[in-house]
Every structure is written in structure tokens, then in C-alpha cells.
Amino acid sequence: MLFILILLPLLSGVFAFLLSKNQQRKMVLLGTSFIHLIGVLSLWKSLPVAQLNGFLGMDVLGRLILTIISILFTTVSFYLWGYLKDEDNHSNRIFMAGLLIFLSAMTLVTMSRHMGLLWIAIEATTLFSAPLINFYRTPQSVEATWKYLLICSAGIALALLGTLFLAVAASKGETVFLDVLLNNASSLAIPWLKLSVIFLFVGYGTKMGLAPMHTWLPDAHSEAPSPVSALLSGALLNCAFLGILRVLQICAAAGQAAFARDLFLIMGLLSLVIAAIFVVGQSDYKRMFAYSSVENMGILAIGMGLGGIGLYGSLFHMINNAFAKGMVFLVTGNLYQIYQSKKISDIKGLLHYYPVTGIFLAIGFLAVTGVPPFGTFYSELMILNAAIQSGRYWVAFFYVLFLAVIFIGIAEGVLKMLHGGTKEQTANQTNQEDIRLIMPILFLGLIVLILGLYMPSFLDDALRESSKLLGGR
Amino acid sequence: MGLELALILIVFLGVVILGSSRLGTMIQLFAAQSLVLSATPLLVHPGKHAVVMAFVTVVLKVFLMPNLLFWAIRHVSIRREVQPLVGYGKTLMLGGFLIGTAFFISSKLDLPVEETSNLLIPCAFSIIMIGFLLLVSRLKAITQVIGYLVMENGIFLFALLLLEKTPLLMEMGILLDIFVGVLIMGIVINHINEEFESTNTIHLTTLRD
Amino acid sequence: MGIGVLVHIIIVLALSPSLLGIIGKTKAFLTGRRGPPLLQPYYDIGKLFRKGSVYSDTTTWIFQAAPVVCMAAALVSSLLMPLGGLEAPVQFWGDIILFAYLYGLARFFMIIAALDTGSSFEGMGASREAAFSCLAEVVLFLDFIILALLSKSLVLSRMIEGNILSSWQLFGPVLLLAGASYFLVLLAENARIPVDDPATHLELTMIHEVMVLDHSGWDFAYILYGSAIKLFVLGGLFVNILVPFHGLPPITQTFVFGAGMIALAVGIGVVESCMARLRLNRVPQLLIGAFVLALVGLLVVLTKGV
């Protein structure tokens, strides 16, 4: 089963590359993502055994993230079906192939039980998502692609060094299989472990978008086509997060969790600060939401850094943020289709002229910034709770402060887009409110809303077990 | 002694790349460095594993990647680098300082070096730092890629410590990843050249806040 | 001791211009010419000794003293250098400082003599010379430190004679690095390509030659001879660093030394033929590169725990 989930998108990608019609490729994308989703959902019934000499395996944490990825990917595929309709003269061969191989790589990340394989998979996600950003070949997107490629590759090279240090630390156990490391955690050489943690955090943290290595994120996520931005923000960042969580797992087993947590806390707070500074006064709405991604990654890191109930909260927030962010970026896709501009100042009076899109923008804004009754509110509250419970009042103070600043910053941008406008305002009246562009957004929004109102027991169990893996209670 | 000679030669070539200003020369120096690098597994731990590693490294890093890089700059008419961010002299001094730092850090670490030389770790760190410096301080896209590759060379050196322990498949996978990475970077450099008629990344600074 | 000094000086005087001749022949051979005869430098110096000197009104005693200082400094420094099997007549603890600063003295006098002429060309050459030799001196001293650490002595002769075949096993790479950086210093100090082109006739591109534009007759002869001896001595140091022939019987040592010097001259000729002179703003970068190489060598020595 695990094999199939990796190989299916890979082979579809190759197949899509060989097809000749855009339309056909879109169908392949849609079909593959549906089958992939069904396969992933079946994993919830029972976890498969480790395969391939222990290289591949699925634990609760991996399954959780894989589910997020798969749901998001299917939703985005559906959205792409409607979004790419107008551009039949622009071949989407590389795009579709890249998307599918990208899915395969992300699946591999969630299934790796060997730190080296994990590295290969994360590097592969970088390499195959780069062409996606450059789909429209504008000067800005070329620049964004180059920065993305270079900064992430350099960061991941550092992560490779960190993996090697981990292997040196484990030289008594002689491998970097996750399970072996966890079993022999007490025999790891501590100085080398700490060194490897630093490098792995910096390396995978670059990919995750934690400050100060986040500089590629606003460019890449804003210049990519909106569905790609949704995937990058919602799925890819979580893959990188998984990489770091594996490191945390090892640390917790070795008794060094406090060291890793401190690193998390520092980087998380720094990310919040940076996001707050750059969100206020943003003139490009996609960039604004990209900085919101930096903020949310910071929140995830802070949650992990606090420990205790923060672990649960952080994982819950990961789920909420993935769907909320995905939803918001799909909305921006609609906006771009209508207005052909990424500037906030070019969009006015949404609620009046395009009420459906306007309402979804408002809902998305509320979901992303953590307003009740959306799930993000509860997850952020949990993390605040963790801060107060552990006596870190300063962390709690700055956390709330920067969240408020970011809320105001994004609110300013969104409100400008929702209201205003005069009668003379014209807009591209193309395919407004296509159902295929609305359904995915509605779907994702509903998920976030439901998660805020009701916690299904299977999810609760999954989150609890995952936080136990990471050293929680 | 052979291993130390190879290590010193690799650092020597790294310093020369750092001071070099011609794109073609830098690619050739990288190929030379990779050639010496591919000999190192055989000097550390001779055996079947090492032979395969050496062979694959030669094919990928000495032939395929440099040719790929030359292909990427085939349209570039000006084959000279522009001034690095802080100037060549300062960059070289910085490189020397970083090498010193690398040696210092290595002396503080407790290393399980076994039968390899105690120069391995300092040289590996030095090359990683030189590669990183190259990546950060140079302006032309192709030089940034060469800096990334030099950094990977340094990480390769470090991995020699674990030569017998890492599964061969893993190392193949890593090398393959790097190769594909360079391939994609080469393609993007072509895109840069198409868009801007130049591969000077000074043009790639419009996206900012 | 007196006889030793005399023998040493006679040999140095007799042999040093031949290096220049070999370099010239190599360059000619590589460019497909027959070139000047091997003994051409001797003929040149002899010709200059037969000529008279012209002195400008603006110059002072410094102008006339500088060539003499040059020659004298070079000769004295040669007394510190062992030539193959021939021991250096003068050895004392710390004599490398004297060695380095004898050349410093000569350089100083050349610079102020150039400034003494009051001509802007010489001044330009003097400023370039001063700038480049600053950097070269640092590298030179780094190399000396490496040698001193390896041989645990500050006597030039002791430092060199520790370079035997067995020590190459341990310290080969270090000596290679030191040798490489020293070679660059050699090229810089002796005004060879890629630092300076001895064959150029364009004053704006000169460094060393332009400083001595106004010297003639005996003065110029002294200067030429002095620079030939400088090349011989510094080249001898290079051969001593790189070739591990000490510990062999003296006759063999002398042979190997001689062969090494000829190889060095050919090598310089090859470098001069294959490269062009660097742009002047790249020369400091080259020397900084030599500095970094020497630094790495030093770090390697320290790491290996000497």
C-alpha cells in the first residue's frame, strides 16, 4: 500500500508528461489525486507494517500529515480543473508532471523511516516544486524561482550535514533509521546530537519558512500561480515541519528535548516578529498572505517549543492552518482571475461586485487569523494556554501582541479590498464565480469551521498519540 | 599521506575558485576538485563500496555536472564574473578567516576519526565554508550554483567518515538528488537569461518589501 | 670562515646571471625562437660596467647609493643561504629576520632613489612596489613560521635542512602549500609575470623597471646584478623548501640543488610564456590568495600537532 501511494503519482506524472493535450493531463491529475486520497483514507483503518527493509513505514504523525496533503492536493486539483481552462495555448505538460511528482515526493517524506531517505525526499520536493512556481515565466516569477531553488537547496545542504552529524552521533548504533535511533536514543553522543539538531533545524527550517531563513517564502508563494501557492503553504511547509518533528522525536527519546524546544521557541518568536513587521502595510495581497504563512509556521514552532499541551495545540494548528491557508490562496486565485492584478489597491468593493468571492475572502481572512468559531482560534488558544501554564508569561505576552498586530495588518488589507470602489470601476468579467472555483474553497472553509466546532474522536486520538511520540504526555 | 595530500589539494582548489573571476575557469576548477574528491573514498577505506562511490562521483561530478553548467551558460557572452559583493581581496581574506574558523571548530570537537587523517574534518568544514561564501558573495547565477556544488563537495568529504556505514543506495540517492538539482538550476538559469538577457542576479532584486 | 665567505660569494657572483639566461632561453624556445645566448646576462652586465653614468641635477647621494646597497644586501643575504652541499658561512639564531630585512633595506633604498629622481614614472613604480611588497612580506613570514614550526629552529640553515625524504611522508602537503605560496612571493619579489613583465617597454605597465629608468652604467650594472643574485638566492630557498635532498652526501646534494635551480628557471620561463601579466588591481588579490594558502599550511601544521 505504501509503495502504491508513492509510485502512483510518480508514474502518473511521467504519463502526464507524455500526453499531448492539456485537457487530458488535467484529467490524469484529477484521477490520480482522487485515487491517492482514497488510498490515504484507507490507512486510517489500520496502519501498515514497515516495508522495504524498514526504509518506509507509517506512524500516526506521518499519517496525519499525509492526510492533510492528500485532501489539499485533491481539492487543488479540482480547483485547477476550472482555473486553467483559459490557457490552452500554454502547455501545462511540465506543470502537471511536476505537480504529480511533487505529490509523490511529499508522500515519500511522510513515509520515510530513514533520515537519509527523508533528506532525499525533502530535497526532491524542492526540486519538483520549483518549475511550478515558474509556470507563467514572468521576470518576477523567474526571480522567485531562483531564490527559492537556491536558498532552499543551500538550506537542505546544511540539513544533509546535520543528518551526517546525526549518523556520527549514532555511530554506536551505526545507522540513521528512525526506529533504531529511537530505540538506542540513550546511547547517542550528546555533543554531536546537539550539533546535528542545530544544523537540521536551520536546514529544514529554511524549507519550512522559519525566520531568519524565510526570505524566499514571500517571493515564491506570491509569484507562483495561486493553486500552487495553496499547495506550497498548506502542504509543503508541513512536510518540512515533519522533518523537524522527526528530529524532535529523536531528541525527546534522548532526553535532550529541552534543548530542541528552546531552539524552536527562539525561531518561532523571531518568525512572528518578522511576519508582524512585514504584514502591516503590504501592498500585494498574496505577499501579505505569504507572510501570514511565516507567522503560522512561527506559531507551530512556538507550540512545539512550549511542550505539554503546546504539542497538541501545535499539531491541531497545523491541520487548521493547512486548510485555512489553502482556502485563502484559492480565493486569491479567484481574485487574480477577475482583476488580473496582485495589488490590494486595484481591488475595491468586492462585497458589492463579486459577493460570493468577497464573502469567501472574508471567511478566509477570519479563518487564517484565528477568529472563533474557526479551528485556528482554538489551536492558537491552546498554545497560549501552554505558555501560561508553563509560566512563560513573556512568551505569552509577545505571542498575543504579535498575533494582534498581524490580525490588524491583514484586516486592513482585506477590508480595503472588500469595501470601497466607485461606479466607474471596471473589471474583467470572465467566468465569474465558476462553480469549480467555488466548491473547493467552500469545502476547505467548512473543514476549518467544523474543526472549530467539533473535534472528531479519531482526530483527537491521532493528535494525542502524535504528541506522545514527540515527548508529550 | 595520500589522503592528506588529496585533502590539501581540494582546499587549495577551493581557494583558487574563490579568487577566480572567469566562469569557464571556475567550472573547470570544480571539475578538477571533484576529480580529486572522487579519489578520496579509495584512500579512506578501499573496497567495493569505495570503488562504486568513486566511479559514480567521477561520472556525475567530473563529467555530467560541469558539462551541464557549460550548457547552461552557452548563451552567456560575457564569461567573466562581476565584482563580488565585497570585492575579491576581501572575499579571499574572509575565506581565509572562515578556514581558520573551521580548523578552530574542528579542534574543539571530539571526533571519531578512526583510521582517517585528523585533517579530514577541518578540511571538510573549510570547503563547506568556502562553498557557502561563494554562494552568498557572488552575483552571477552560475557562480552561486558552483558555490552550492562546492559546499556539497565538502559535505561529501564529511560523509567519508561514515563510508562503510551508510547504505550505498543512500549515497547514490543523495548524488542523484544533487544532479537533478543542478539540472533544474541550469534550466532556470536559461530562463533567467531569456528574461533578462543576462545572468547577473542583480536583476533579480525587484521582489522586496 | 673567511675562505668560506669568499668561496660562497664567488660562486654566487658567478652563477646567478645564468638563471636569467636559462629563463630567457626557455621563453624563446616556447615561442619558437632561438633567443639570446645563455650567457647574455653576463655580456649585458659586462657591457654596462664599461659604460659611464649620467646623473640628473635633481638627484642626491641616495641615487648613487641605492645600487650599491642593492648589490651589497643581496650578497650578504646569499651568505645565509646554503647552496646544495655548501654550508652557509653565516648562521645564527634568528637569521631569517636579517635575511628578510636585508631585502627590505634594498627595497627601501630603491624606492627612495626612485622618488629622488623627481620623475612621476619612477614615483608610480615606487608606490606600486611598496604596496605589493607589503603583502608579499606577510606571506614570506608566514612561510618562515611554517618552516620554523616544522624544524623547531629559527636558523635558516637548520630550517631548511630538516627537509629530508622521511619528513615528506608527514609534512608533504604542508610543504606543498608553503612552496606554492612561496612561489607566488618569488614571482612578486623578482618582478616576474604574472606580477610584473620584465620585457615590457611601456612605462605605465612597469613596476620594477620603471624605478630604475634613470640609472645607467655602473649603477645599472649593480642593480641588474643585484636582482640576479636576489633571484638566485630566493630561488635557492624555494628549491630547498620543495626538494627533500638533505641528508644525502654533499656532492649529491649539490647536484640535486643545481638541477633544482635549473628546473626552477625553466619553470619560471614556462609560467612567463603561458600567462599574461595580471591587471594591477588583481595583483594584491593574488598575494592575498598566497596568504590564504600559507595560512592553510600553518593551520595544517598546528592541527597535526607539531
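Note that the chains are named A, B and C in the order they appear, and that numbering of residues resets to 1 at the start of each chain.
The criterion applied here is as follows: contacts are C-beta pairs under 8 Å (C-beta built on N, C-alpha and C of every residue); 3 or more make two chains touch, one makes a residue touch a chain.
In this text, all values refer to a predicted model and were calculated from it rather than measured experimentally.
Chain contacts in this assembly form an open path, with each chain touching only its neighbours along a single line. Per-pair tallies of C-beta contacts place A-B first.
Annotation: 31 Å between the Cα-based centres of chain A and chain B.
A separation of 64 Å divides the Cα centre of chain A from that of chain C.
For this pair, chain B with chain C, the centres built from the Cα atoms lie 36 Å apart. For chain A, residues touching at least two other chains: there are none. Of all the residues in chain A, the ones that touch chain B in their complex are 114, 116-117, 119-120, 123-124, 126-127, 130-131, 134, 137-140, 142-147, 149-150, 153-154, 157, 160-161, 164, 167-168, 171, 174-175, 191, 195, 218-219, 222-223, 278, 282, 287.
Interface residues of chain B facing chain A in the complex, by the touch rule stated above, are 109-110, 112, 128, 132, 135, 141, 144-145, 148, 151-152, 155, 158-159, 161-162, 165-167, 170, 173-174, 177, 180-181, 184-185, 187-189, 191-192, 195-196, 201, 203-207, 209.
Residues 1, 4-5, 7-9, 11-12, 15-16, 18-19, 21, 88-89, 92-93, 95-96, 99-100, 103, 106-107, 118-119, 122, 126 of chain B touch chain C in their complex. Of all residues in chain C, those touching chain B in their complex are 169-170, 172-174, 176-177, 180, 282, 284-286, 288-289, 291-293, 295-296, 299-300, 302-304.
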